[in-house]
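Some structures to go through are shown next.
The following pair of complexes shares a single chain, chain A, combined with chain B in the former and chain C in the latter.
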Partner chain A sequence: MRLTTVAWRNVWRNKRRSMIILVSIMVGVIATVLMDALSRGMIVQMLENQIRSHISHLQIHRDGFRDNPVIQATIPNADSVENALKAVQGISYSPRVLTYGLISSASNSAGIFLVGVDAEREKRITSVSASLVAGEYLTDKPNEAVVGEALAEKLGVGLGDRIVAMASAVDGHVGSDVFRIVGLFETFSSEFDKSTMYVPIANAQSMLALRGQVSEFALITSDLERLPAIQKTLKEQLGEKYEVYTYGEIVPLLLAVVDMYDQSMAIFYAIIGIALIFGIINTMLMSVFERIHEFGVLKAIGMPDSRLLMMVLLEALHLGVIGTALGFAIGYVLYIPLSHTGLDLRMFSEGLRSFGVGAIIYPVLTWGSVANALLIIPFISVLGALYPALRAAHLTPVSAIRHV
Partner chain B sequence: MNLLLKLGWRNIWRNKRRSIITISAVIFAVMLSIAMRGIQLGTYEVNIRHVVELFSGYIQIQAEGYQKNPSLQKSFPITDSLRALLAADSRIIAFAPRIVGDGLVSFRDNSQGTAILGIEPEQERRVSTLATRVVSGHFLNSGDAHEIVVGYKLLENLKAKLGDEVVVLSQGFDGSLGNLKFTIVGTIKTGTELLDRNAVFTTLDAAQELLVLYGRVSLLALRLADLTDIPDVQKPLNEALHSQKLVVLSWNEVMPDLEQSIKLDNVSGILMLGILVVVVGFGITNTVLMSVTERFREFGIVLSIGMQQQRLAMLVMIETLIIVLIGLLAGNILAYGINSYIAGHPIEFTGEYADIYAEYGWLPRIESTVRFSSFLNTTLSMLGISILAAVYPILRVVRLEPLKGIRHT
Partner chain C sequence: MEQQLIRVENLEKLYQDNGVPVRALHEVSLSIGRGEFSAIAGPSGSGKTTLLNLIGALDKPTQGTIYFEGEDLSSKSKKELSSLRLHRLGFVFQAYNLIPVLTALENVEFAMMLLGIPDSERIRRATAIMEELGIAELAHKLPNKMSGGQQQRVAVARAIVTNPSVVLADEPTANLDSTTAHGLIELMERMNKEKNITFIFSSHDQQVLEHARRILVLKDGTLVNEINK
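Let's turn to the complex of A and B:
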């Protein structure tokens, strides 16, 4: 009879004990799978929201713009950039004019980040047009403005009201223009909503005395895997006068937060693993001790130590694998509906918004987490069985046979 | 009862190894839970104190509706009766008047949107730690007209340096646009991205001149003796100021996002420890069940010579509780050691994570606190789960028929 078969039968000699350890492994696995999916979902949403509200996957500027984003640092030759972008497959891009300014209503004023966009193209890369809570997104009509709802509230204005925007122009003068609010948006970032205003790119250019120049090209790729390659191609084609940055380079903090979450998940895995290992050591130890007589007989008739050791380890591995498989199956069944409906954390919405995450978290299970969950717990089971298995292997046959 | 206790104690040590492993599991869970709760709560408390003392104040007095719509229209004068009211409460250590406006600061070709913060330097020093955050130059002094302290990042973004003159443009209380020239005399670094990147601090007088807000302020920030004093101070003050259309808001009402981030972190921490306790609970069930099953023969005998089933059940419960109580005791002592050590020696960290913490306005530091409630909660939940864990094995004992037990091998 093969060793695995023996080990398998041994596991079921004491059904109740095996079931209880299986249930505790299952609880551990279900908990880790769901916690992992939930925090992963939060991270994915945070990244996606940041990218989709404004940052986009890749930004192209005149070299030096990122360190010193002044209005004078415009793209040297917008046509050649557009030509280079047109040659890239599977992307959407949008030109933007960016500056910091001040807007005033009759009652209040606020410092803002002014973004001049081409409405149709911007719609394709960012989700602000889909985050409107009132009114419409920009059309091609002049002097329209879309602002965050929080910003409008602060200024005490609503749809249809006029606001005055001011910002320093290319020539050093303060340029200003009157805009009519046509839309209000609410994204996942309270900070962004309080400080951002979208206007037609032509208006922004005339207000800032730009002659058709733009500050930035932002692009979104349909296949994130290709992003490094796209960046490389564009860098080579555009040359020294331009800077081409991915979102990871623009907000390194985002990736650092992802790292931090990965680490806290690792700690969580470790804690649950340690808690489980106590149960496994105890179970395996008990099952070894009640079979001392039997092990003595096996050794006396010539079973090598290594095979005995292997048999006990295999018993633990069976427990680990079955527990993990069942736990994962249940966790997955719970995960499926949750990933559609999401987990409503509305009571923490302000806190979540300060992290740039919406109030409903949609858990995300990645292959990495699946692999972690499926490998770690069986490994821990074997680890926990090591001491009991060694005890079994080192028994002296004669005294073991006499053991009752 | 005495007999049962004695029996239980001896039974536990009949299989030393098993009991010790179970006790270790309880110790691990209890120690980890209490230590982590201590670290979480301690870190929250230190950070809240840090944030409120940095700038917001423990509580603020604002005009009604200012929190939602912070405009200059919602400013108010500091009346003598208001002063008298604040002076009367000994728990209010100090108060600082502030003006908050928005503007555009320009240096040569560079302009940046900015928050204009008018403060009274002497009073500010007593309420916030702002003055200690100066990284270059000096803090404002009373009577310094037309001098400003700016966030260090704002200075970098403007490409300006100390001593440079900048122009601040803003819309005043009356709706008119005004501008004033200021000399940069210092920079501050608060770790709060918003202040470091946006803030321009000037004296109350200069801000009132720029914003045409003579005699009025946007808010009063109050420093209290302790965070726990907030409810006691807030309530009577709120009632007294109601007639003047002023409201008193605590730090968590001024910064709801901070409070909710803390709550979210807190809940996820509790959830994690809950899972840990449940997993250990299953371990306890297993141990008790094994120890019960291997004694079925023995139980059968004591039942047939007349021991009552309830007494036997009681015995199993006592055994479980002894194991758990030893674990709880040791876990509590170890956790107390960890918590008080970290409370005395906070762990500072640097590098990438320090930046993340700073971004969210947290101190890059792990603190702890020895709080009775976290010891009590963990102990009670561990006890509760242990009693639950013993239910199934005890049911097995209660259902045991003496003869079957005797014949059990």
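Let's turn to the complex of A and C:
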């Protein structure tokens, strides 16, 4: 027999009351597990969509390009950058020409972000080629273009139609070319779809008077944890003429969104915790008040105040641990199929697209989320029992024994 | 001459009852020797329970001093008094007061668990004492499955299993029929003789008081008589 055995049996003195608090803990844990998994799934999807649609994990430019992304700020020596990239294991990379320009159709025009790409290499680092809703991706043929479906609608064009693209060339004149739309894409970002056009890199270089020069190398790694090390290696090898930025540095808002999510989950946990803690305080206070006489007897026998305190806290810990374990088990059972099928939120698809998230959310449960769920609620249970336990411990033996 | 175990000097106990001061004990002085089998007698409200509570360090006097084995109880902290009760005192209550979620054996073991005695030793000693008291068959029963007499025997086992210096029993037979009460007091007498444990019990039952070798009579909180047999 241990004190924990006595505490366990005390929990089940009033089965109904203990079941009620257990169920409330379970519901709280299920809610936090699923909410955490779904929200994290949204965040992961958003990050992945942003990274895979264009940003990539890492970008290399001429130093100063990020602050002043003009067409003249090309990579000083594309060959040396390629050589450095070839030496890095586990990455895919692609050269790009980037500029802002204007495209026009017969009926309309729009400002665009023009991206000249090596089609084969670009396919390995972005998901645009997999996001086509019509037509096909760029091939080796010149003067092909792939645009967002939303942009095509705005211009009143479709597959096979011609559009004219114009932009400032590197020598200051206005470069232009005619392109035939071969593919329409729809990504998870409606803003991206309305403003981006992909053309063969050779066409872009010709149009903008770039003699084999490129604006950027974009890179994807298969192991995100290696990204800081990859960045450091490339910076050291390429030197001060280049800037090497991770996606977090390129779009700090992305990481800010992740931070905001973590804080919002902390608030969610706090709300669930506050709701639970009052339930536990109430339950444990009732349990303590019902046993004042018994506590007096225990003190008379010689039970130290600290052991009495420990016993009451153990009772709450038992409830917290059991409720958490059961709640997590149920939450996990609900999570597993959802993680495969996803949660269909098509009714909110427009709103979700504006956040760069798809209509089907795949929940993601991380080890951190599991640890939070398994540790926080039992801790809250013990915290909730602290006041009742202190009340019990501070009873005077004779007044407790006299208590009816 | 018996060695003095407990010495009480000019004990006063006042408490408030709905704002009205009540004098439970007034200028009570006495001593209890080692190995005594003594009773505190008196009608209801005479201060018997109050005196036992003070001797047992469950309460503090308003005035006066209590010495236990030569140590002044008023100089001790809450923790020290708790330790004193655990190591050197045993209690038997009128209402048995067994822990309802523990079996008889576990109730007897409980104080030894608090003392940190290992499992096997606890069970051995608890089983032995229950056999001595003739209640071994109750080992795995919960209190609500036992009669009053059985519960009180388990309470006596609980009180003596730690080999205390003194067992304080407050009206231990009040809730028992006369036959059971008689049996319980004989049991306590036997433990007193065999183990030299000092027993101080309170009662207003004449049949029970007949077993005491010394009777201290209280009336209205004052020690009015002492009978030595």
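In this text, the second predicted complex is superposed on the first by the 404 of 404 C-alpha atoms of A that agree within 3 Å, B and C clash if a C-alpha of one lies under 4 Å from a C-alpha of the other, contacts with A are read in each partner's own complex, and residues count from 1 in each chain.
Convention: a contact is a pair of C-beta atoms (placed from the backbone, for glycine too) under 8 Å apart; a residue touches a chain by one contact, two chains touch by 3 or more.
Note that the structure is predicted; figures quoted are calculated from it, not measured.
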Q. Does the chain A-based superposition show chain B and chain C clashing or fitting?
A. fit
Q: Have a look at where A:362 lands relative to chain B and chain C in the superposition and call it first, second, both or neither.
A: neither
Q: Rounding in steps of 10 degrees, give the angle chain B-chain A-chain C taken between C-alpha centres.
A: 90
(Q) According to the stated criteria, A:305 is in contact with first (chain B), second (chain C), both, or neither; which is it? (A) second
Q) After superposition on the shared chain, which partner residues are touched by A:261: those of chain B (first), chain C (second), both, or neither? A) neither
Q. Residues of chain A touched: more by chain B or chain C?
A. B
Q) Given the touch rule stated above, what does A:281 touch, chain B (first), chain C (second), both, or neither? A) first
Q) Is A:294 contacted by the first partner chain B, the second partner chain C, both or neither? A) second
Q: Look at the superposition and give the distance in whole angstrom between the closest pair of CA atoms, one from chain B and one from chain C.
A: 11
**Q.** Residues of chain A that lie at the interface with chain B and also at the interface with chain C
**A.** none
Q. Once bound in the complex, which stretches of chain A touch chain C?
A. 1-3, 6, 9-10, 13, 293-294, 297-305, 307, 396-398, 401
Q: Would you mind writing out the residues of chain B in touch with chain A in their complex?
A: 17-18, 21-22, 24-25, 28-29, 32, 68-73, 101-104, 106, 108-115, 157, 159, 169-171, 175, 177, 194, 198, 256-264, 267, 271-272, 275-276, 278-280, 282-283, 285-287, 289-290, 293-294, 352-353, 355-356, 359-360
Q. Tell me, which parts of chain A touch chain B in their complex?
A. 16-17, 20-21, 23-24, 27-28, 31, 35, 68-72, 99-102, 104, 106-113, 153-156, 166-168, 172, 174, 190-191, 195, 253, 256-257, 259-260, 268, 271-272, 274-276, 278-279, 281-283, 285-286, 290, 345, 347-355
Q: Using the touch rule from the top, collect the residues of chain C that touch chain A in their complex.
A: 53, 56, 58-59, 78-79, 82-87, 89, 91, 93, 97, 99-102, 106, 109-111, 113-114, 119, 122, 158
